[in-house]
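Note that chain A is present in both complexes that follow, paired respectively with chain B and with chain C.
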Partner chain A sequence: MSNSEFDSGVLLIAYNNPTLEYTKLACIAARSVKKYMKHNHVTLMTDLPSYKQLQSSMASELIKLTFDNIIVEDIEHERNTRSHRDSPWSEFVTQFNNKNKHTIFHKSPYKKTLMIDVDYLIGNNTLDLIFETNSDLAMYKDAISVRNYEPRIWEQKLHPDGIDMWWSTAVYWRSDSELAKLFFGVWEHVKENYNYYKWLYKFPGVLFRTDYAVSIAVHILNGHRQGNLIHELPGKVMRFSEQIDDIAEFKDINDMILVCPDPKELWKSIASRVKNENVHVMNKMAILRHYPKIKQMIYD
Partner chain B sequence: MDDKLKEALEFSNFRLTLNNQKQNLKHRMNTMLTIGYNGHMFTARLELINFVKQLLDLSVKQYVFLDDNENPVMVSDLMDFHSRLLSLYTEALNEYYVEHEKIKKMRDTKKLVGLNV
Partner chain C sequence: MTEGYLIVNCNMKNLTRVELLVKSIRLFDKERPISIIAHEKNLKKYLLYLDQEIYIEPSKILSATYFHSLLASPYTKTIAFNPDQILTNFNPDVWENLRGMNSIVIPKTRSSFNGELLDYSLYTEGSVEQKSFGEGSIIDAIFFNKDKGCDYVFGMSVLIASTYNQNQYIDFFADKENNAMPPFPKYIWPQWLMSLMYKILGLKITKFDFVNLIDLSIRENSFVNDNWSKKPWTEFLSYWVNDQGDIKIENYIQLGLVKYNTSAWLTEDTLTNLRKKFI
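Moving on to the complex of A and B:
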């Protein structure tokens, strides 16, 4: 069991790589949590090089204002390269440090933790509700894009005839829960035997996806069936913006205008304004392009 | 391009954007309908609100409901439960109405999403 110092809070993980400064994204996520949520004690989990980069780019007062607690780890990340899109017309490959995500169960300082990815921008207080429930563990299973399209098939199921995909973008758990302990243990087991589970569940790709690992863990814990052991987060449907989408403008931290190409006909785009919602913005570069303006919004 | 076709395509794009914005508002409304009660989550849908009202009219004191995760929950203060469900539903629907009124009067794609270009 973890050593819970605080009652409840939000955990963010940020490991920078040469292309993406995740600590900047974490600052945005943390400030959006502080602005819109009641359970807004924020812990940043990071590594030494990322922490140094954060310290060099931001005054210590601002860091204190952003994060209530920082866990700095001296870790060596396993190789896991990922291809990112930045609009339909630009693509890049970079290191993706997600292989120790399951360790959050032991590292979280909270009795009740909500872990969110740093590209999940909080725009309302809906997620506060989960802290008031008896849920052991909760995540999102369903999602809808800001263009109001369903996710692609491999983000709905691990295989067209296979099990449901759960999103590891936001994970809530109680540290005293035996179910949560089991879940994170299975997550680690799946990570260590990823190729076997890839063969068993027939999903594609070489990238280690935590979404797939948690989905398999959910399936196993439900008795290899569908079930309601793991709860769905409040609102039930996660809003997301695709990697091919770009952000035209931030009106406010929870009010943005996105340019969304049709995934099947990339040259056909529409603008979509999303306000007062929590949005998983997968095009991280698009957020970072607006960082100077966002920084003013979140600190002024 | 033929002017008529250009006009039609612009209108088509406007309708597509308008429809998307309406869907966004609906989604926001649905998110607002989630309520935490007795350690469980419920969605304030008309069916549930009216069912609780029906129970109140029948002077039922307490009742078992299925929460959003399909777990049974005993609710012993039906009046309070109903009041909170109705209040949340009203708040969500009002916000939807106000925002919907704003966009339905718009006739320009850029204005529809608030783009200043």
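Moving on to the complex of A and C:
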């Protein structure tokens, strides 16, 4: 059952690992939500070691200024290693803690929740619109890169002849919705039987991808056919920057200049300025490199 | 005033397909009779639930045979199908809507197995119809009402199909002043004729999706995925028919009128499961 304490808000999840300090990314995401959105009550969902790391790196007043509510869990994460790229020339492998993402349905303190990944930087108030609707559940299905390229085929469909891929980067739901409850239940079921679904839907890789889990859940809830039971978030198309992109400069928290290599000819890059937009910046390391400057921007 | 279903172009070779289609129609509509247009005699004895078998000697001109077959329907109001199709979902209440419509009703849209709409302009014949008439026609399912003059449309179609000559048409319709040549094809096909009829007798023909049409034909799908033109879809798409008779292709359930084009998927196992459903 719902434990909603607040009407509406944004939920962020941050579990640090030895390489990436997700709590710092969460601070940036939270402050950008507070700056640009009306529904800006922010909850951070984190684990004990990450919370301690946050406390040691930031004054408690700043933490209070950033997050309205913090849920600290004592959890042991399942092994799930992921290969990241930081520009075309650097690659690293690290633990990726995403296997309990479906639990947000029960843990969110909001009646209406927008969960965003901490690398999804809010640059405008478009997502406020979803809180004004009666939608049960909404996510993005379509995306376009900052180079204005479509995502790779594996990020459009689970298989070239298969079902559409939905992005779990931003998920909105109503806590009193039976559909949403069912959706998160199916998400968990897919996670528990991931290898079977991987075989059934013919998608590649060993990494557990929540994008694939939500896509299968959407397909099942639509009755194994195209449908519109699950809505698309306002703006309809999610802007994203690839892992091979680097950030040259943050002019403001919602104004950045990216260096974007051509995925086929990595030595050829273009500069792309993204301003007043919500952007999923997949190269987390690139954001963190600019953290000292961003920190000044968001707290001064 | 009678209402019923008609399956055209039946012969010994496609008898299993006809049997499946008849049984699938009967699953969704237990009241209305089903007849077939047969090009070989005595098919009826192999088929359950059949009202009439109407024998027609096939002409060498396929389009003429097709419209001739529609004219031979024993019912006042008919929904006609082709044999390489199976109904997996259909609401017979749609007859109520069809009664109030024009003399001929054809579907407006059709989609591939994954629900993506198929576009006329993406295959040669469709694009010819589109260039000539502004849009193409879908006749995988067709409703017609003899009380409202469909005989006239079909009769004209038989006549045109039987006497069609590309050069004569070009000579007659050519815009000599602007030196423009209308794109009349060398041979014509039933959809082309229906598009022509729609253009000149639009008031008699309505486009309305009275059945969800799923088309697995090669020509309609090969633009989207090249595999379609190289091999039957059964060789590169995963499909199964479960023991409730549900058909799934690449995890998409097929609900509607499925035009399956190839019988490669009709194995002993799938036939057993489908027949279980129909019983």
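The working rule: the second predicted complex is superposed on the first by the 300 of 300 C-alpha atoms of A that agree within 3 Å, B and C clash if a C-alpha of one lies under 4 Å from a C-alpha of the other, contacts with A are read in each partner's own complex, and residues count from 1 in each chain.
Rule of thumb we're sticking to: a contact is a pair of C-beta atoms (placed from the backbone, for glycine too) under 8 Å apart; a residue touches a chain by one contact, two chains touch by 3 or more.
It should be emphasised that the depicted structure is a prediction, and the values quoted were computed from it without experimental measurement.
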| item | value |
| --- | --- |
| Side-by-side fit of chain B and chain C on chain A, or clash | fit |
| Which superposed partner A:G185 touches (first chain B, second chain C, both, neither) | neither |
| Partner chain in contact with A:H219 - chain B first, chain C second, else both or neither | second |
| Contacts of A:A248 with chain B and chain C, given as first, second, both or neither | first |
| Contacts of A:L200 with chain B and chain C, given as first, second, both or neither | second |
| Which of chain B and chain C A:P88 touches, first, second, both or neither | neither |
| Touched partner set for A:G162, first chain B, second chain C, both or neither | second |
| If touched residues of chain A are counted for chain B and for chain C, the larger one | B |
| Touching partner for A:P234 - first (chain B), second (chain C), both, neither | first |
| Gap in Å between nearest CA atoms once chain C and chain B share a frame through chain A | 15 |
| Chain B-touching residues of chain A, taken from the complex the two chains share | 124, 126, 129-130, 132-135, 144, 146-148, 228, 231-232, 234-237, 239, 248-249, 251, 257, 270-277 |
| Chain A partner contacts - residues on chain B that touch it in the complex | 13, 16-17, 20-21, 23-24, 27-28, 30-32, 34-36, 39-41, 43, 68-71, 109-110, 112-116 |
| Contacting residues of chain C [partner chain A, same complex] | 114-116, 225, 236-238, 248, 250-253, 255 |
| Chain C contact footprint on chain A (complex, rising order) | 159-163, 200-202, 219, 223-226 |
